[in-house]
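Before anything else, here is the set of structures, which you'll find just below.
Each of the two complexes below includes chain A, the first together with chain B, the second together with chain C.
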Partner chain A sequence: MISISQQTWLQPWIKLARGEQPAEQLRALTKTLLVPLAGVAVFLVLWAVAAGQINTSLGAFPGPVDVWQQGGALLEEHAAERREEDAFYERQRERNAQRQAVDPSYQPRIFPYTGSATFIDQILTSLMTVTAGFVLASLLAIPLGILIGLSRTLYRAFNPVIQLLKPVSPLAWLPLVTMVVSAVYVSQDPLVPKSFITSMVTVMLCCLWPTVINTAVGVASVDNDLNNVSRVLRLGWLTHVRTIVLPSAIPMMFAGLRTSLGIAWMVLIAAEMLAQSPGLGKFVWDQFQNGSSDSLSRIMVAVITIGAIGFLLDRLMLAVQSLVSWDKSADLR
Partner chain B sequence: MSHYLDISKISIDFPTPEGPFRALDELSLRIKKGEFVSLIGHSGCGKSTVLNILAGLLQATEGGVALDGKEVNEPGPDRAVVFQNHSLLPWLTAFENVQLAVRQVFRDSMSKAEMRDWIQQNLKLVHMEHAMHKRPDELSGGMKQRVGIARALAMRPKVLLMDEPFGALDALTRAHMQDSLMEIQRDLNNTVVMITHDVDEAVLLSDRIVMMTNGPAATIGEVLNIDLPRPRNRVTLAENSDYNHFRQQVLSFLYEKQRKVVEIPREPAVDEDDAAPARGKVAGLVDRLGRRA
Partner chain C sequence: MNKADSISPRPGRGAVRRLAVLAAFVLTVFAGAAKAADKPLVGWPEKPELTFGFIKLTDMAPLAIAYEKGYFEDEGLYVSLEAQANWKVLLDGVVDGQLDGAHMLAGQPLAATIGFGTKAHIITAFSMDLNGNGITVANSVWAEMKKNIEHRDGKPVHPISASALKPVVQAYRKRGERFKMGMVFPVSTHNYELRYWLAAGGIHPGYYAPHKGDTSGQLQAEALLSVTPPPQMPATLEAGTIHGYCVGEPWNQQAVFKGVGVPVITDYEIWKNNPEKVFGVSEAWAEKYPNTHARVVKALIRAAKWLDENDNANRAEAVRILAQSEYVGADEAVIANSMTGTFEYEKGDERPIPDFNVFFRHNATYPYYSDAIWYLTQMRRWGQIAEQKSDDWYMQTARDVYRPDVYALAARALIQEGKMTASDFPDFDSEDGFKPPQSEFIDGMTYNGREPNAYLKQFDIGLKGDQRL
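== the complex of A and B ==
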């Protein structure tokens, strides 16, 4: 991961703690901390003022304070649900122990807890789905990108199809994917639920393209001199790809992967909403259908969570990129 | 043995929308084993094209090249190339860059330990043993070019092809590199074909200087035998009348007989700068795909 010293926003704090040029560090702090914080503060004030002006059939649009409270309430609900679950299993264990004491031949059975999914559960489901879809897409997109980047002919053959499929919205894919998954994924004892497969495949179909295209461009832009070195050395195809093509293409490839992950996350929420498959999208939809006075605040909590997770996913990709990139001095942002 | 590298009547045409462009016309040259030959001429005269044909990176439209009795029709490590801008893999250290070549050429004939010794020996030859675990971005231009030369020498090539190897270096570094090259040449006595723009460099290093006419349809104008005794020293040579006579002859060829009066109307993209078509290709790709970064 990124080492502490690389985090520019931490630098002034570290230097301040060491007592190096306090005045200089305070100025740096103002720039790196105070200005962004001021920006957030202005946003919160504007939000609060604007929210008070908007009246909906579910009451006033939630301001920052309502959203903060509902965020707390959602966490509390999650904790309560977990306590409930623990208690449920505890009761079963006690009952089984009692019955076994009376009748030693009794085979104890544990019934699974079937409580409703909390906000946190939905976040975890969404993260799992997006990871599965993104990983699957990358496994397809990177080799495909390398192939069409290396061969002009393959590129010409694939390009029209890629250009045609790239702009397709997830909502258009979804009904088709649902029907195909229903038809193909038939199992008495499914390893993962059907809805998971549907969301995953939809995510995959939508986030393939940036990685394919960027990898292809990265591969095709290998320095011609390096290609000549490879030809003079008569490197085999695999060695050529491994030692020359892949390292050259890594920056472009990661630019594609980051875009893909961003798209994957956006697509997932929409897919979950429409397909009623578990996850944050379903949470938003359920709140919308629920129509209580808290609903809008809770949706707003989900909106902010979605944004925060999207941001964290992007940072994560950046960290991975700086880990695998050979050029540690490159300015990644 | 007398005709180690035999270039016979090579011509090359590059396709352009207005029909084929003849960059080289019936160029013939015979080079002996252990000979150091420089190609000199104005920009765009096709010097690099000749070198690329010798390397096998380009195919002559007519005529052919034979090295040690075998026809040259594809690139290979027996014709090692030192490129103008070093062309080291930036993600590998100096050692690993040479290692890539050594592994490729000697994987069946050398043990791991022998390879390591051979790589170190070559880096030592170019005075780079102190920085062999540094990556190219940590090395100066001259040092990178030294590693490039070590990589080429480590292939134990039959002929060493150098494409303006010191063209991108400052004058002092260039002088150092020329002295190093002469030292290496004294020990190894390689067959070398070098492209240069630099008259002093050509006279100092070469056994023969091949002067090329201006394109299109460039060919050999004059060949000058430089029979100055070796070892040569740049300082003492400065007062040597033979040396100055040779310099004068090359200068007179370049600036009187072959003075560039008119610009060549259409420069073939592949000639001087091999990267140009690659850039065009990429730009095209980017255009069509729509870059998403």
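== the complex of A and C ==
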């Protein structure tokens, strides 16, 4: 399973645990672990030195130590907020009990917690939004890509529109999407907040294109031998797509999906910042507006978190790709 | 009952029966009265889940305190407080219903109701605070101003009049440069205080001409005023886009801390104990949810009292709460100054102003008609109200927007519950909503809320009488 999902960096640890060739594994670990760690250490030192030199009106530029401290502070605030939430529900239950004692006809209601979102809450909100936007985009892009890849005519028809919409920045889409969502999504008690829909649609509009184009190219460049086999066997159109086209287009398709996911994550942060929608983007903007001496450090914490999450999402796509791909020996980066 | 009793009723037994009936009647009446006294003045809230908006300024404190100290929860209200990007977004939020109510500039409900800007009937039953603003200028401007200010013991004599700024503005205009200043909103208290100060020093701050479609407020101006959101003001000053601004705290102290500007005067010195922010709701909302509105006011009154209690003893804790990221978020040290009664002008020049922020003293929370009328007169003075209006019009508009009746209901409910005493409030039976004539203005003019047109005639700079641009 480990080799199938291409997480080769885990192999030396597993083999060490099993006691197989310890010397070999240690050498492998030095290559795969110590060298990257040394690189990161050098970067941290350079950062700390440079940060000390830059002085802004909000205080010195944050170095690794400040960022680490603020990271801890944010986690503590999250824990404190969860404790507050428990106390809040406790108080509500007491108040309901008191009121029922006085007025037995009262129907007790428990109201949701009114506190503000913490850093961890914002991370979860952003992850949910990006997943929703990306899945929606993929559901639209993959069928569209397959269609225009298979038919030259459709490709020629759709290509100008795709090329026109591809370079549009999310910040240009945002006002339009906001107005449309406000007009169309009218409900007194919405299940999903408007800001979520707006962010999701903006993300979808921007991350659609790499998947469409790459899928189309992948589908169009199926090996001729395979196409001939399909014609000889007189496969139906759906069977042809399912057994011949899709499997050989997987590498290109996933290349597109990986790029799309990366773009989706970047677009989301920008959209959240501009529209003040809940998420990591809003967190960064709020910190900037506050202008306290912790603000820059907290923004750096958010930046590192954004980068880490982007990295993890990419690795996730890679694992999925190697699970789905038929060519297990292909070297995926 | 035997015949003997009915023919000849013995006074003793009959009297006892009558007495018993009378006693029963009296007891029932008293019991009924006692039950009526126990019945609360304000019923249960119609809408317990509420969302209020605010701008990141220290005077949103009553909202934060009412939340943190559980005063909202005591009233059965579950309130979410949401910071808004700027005053326009905040007003739009209240108008279209996304926010149930908000921390508003005193001029916003008035301007919205008379139709300057977005038209909507907004009312207020609670004044959030008095004072709390300052005017800051850039370091370069201060260096020039200092030469025109009298010094005593090495420190400038306060209050500093804008006549010290006049030569600086004239120098800019001679060089062909525009002297630009920032304020937070066209109908903000800061706009009117800044204009009042500039005009008192002989600098023309510009007119509005909405009937001609000109809402820039820069007609015939010597100093050009424009809008900037409060948290961005120190940055804009540093960048040189503006040469000074008028804003609430902590943004004046922030400028001193960061070394980008120097506060020259506070609005306490321009007009002592001037009304500043109000808690505004739409009239439709208040009609639909009267109990909820009264309960919100009750919670806010308690919060305001806590803030001023024991000679500002609770202010340090208030500062700690406000410094939290979701409220004001600025450093504690920056917020602490003004909230605890000191104000730093030039770096190192700290002076005591114990009443810089007043939340409850001096009947700060009562919505006085005369306060509303002052703002209306300033709107007229600078042309936002294009035509002359009768004194009656001013009174009627004030009555439409300011609602001391809701305030009185909330206050009475608090007194009934024993949470506050009658001495905390003005005498509701005799209070008519007009303060006696006030003269503690920087230029010594007297303001009588009952005679707005006569008041306007006193000024050199500003529209008066039936003048029309």
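Observations on the model:
We adopt the following convention: the second predicted complex is superposed on the first by the 298 of 333 C-alpha atoms of A that agree within 3 Å, B and C clash if a C-alpha of one lies under 4 Å from a C-alpha of the other, contacts with A are read in each partner's own complex, and residues count from 1 in each chain.
Throughout what follows, contacts are C-beta pairs under 8 Å (C-beta built on N, C-alpha and C of every residue); 3 or more make two chains touch, one makes a residue touch a chain.
Computed from a predicted model, the values in this text were never measured in an experiment.
On the shared subunit chain A, the superposed partners chain B and chain C are arranged side by side without overlap.
Looking at the shared chain after the overlay, A:Arg27 reaches neither chain B nor chain C.
Of the two partner chains, neither chain B nor chain C is touched by A:Arg315.
After overlaying the two complexes on the shared chain, residue contacts for A:Gln287 are found with chain C alone; chain B is out of touch. When the two complexes are overlaid on their common chain A, residue A:Ala220 makes contact with chain B while staying clear of chain C. Of the two partner chains placed by superposition, A:Arg83 touches none, neither chain B nor chain C. Between chain B and chain C, the partner in contact with more residues of chain A is B.
Touch criterion met: A:Thr243 reaches chain B, while chain C stays clear of it. Contact with chain C, but none with chain B, is seen for A:Arg95 once the two complexes are overlaid on the shared chain. After the two structures are overlaid on chain A, the closest C-alpha atoms of chain B and chain C sit 38 Å apart. Across the superposed pair, chain B and chain C touch chain A at no common residue.
Taken in their complex, chain A has these residues touching chain B: 152, 155, 159, 210, 213-214, 216-217, 220-229, 231-235, 239, 243-244, 247, 252, 255-256, 259, 326-327, 329. Chain C makes touch with chain A in their complex at residues 48-49, 56, 67, 70, 73, 76, 78-81, 83, 85, 231-232, 234-235, 238, 254, 258-260, 323, 325-326, 328-331, 334. Against chain C, the residues of chain A that register as touching in their complex are 57-58, 77, 91, 95, 109, 111-112, 114, 116, 276, 286-287, 289-293, 295.
In the complex of the two chains, the chain B residues touching chain A come out as 55-57, 75-77, 79-81, 83, 85, 87, 89-92, 100-101, 104-105, 135, 137, 155, 274-275, 277-278, 281-282, 285-286, 288-293.
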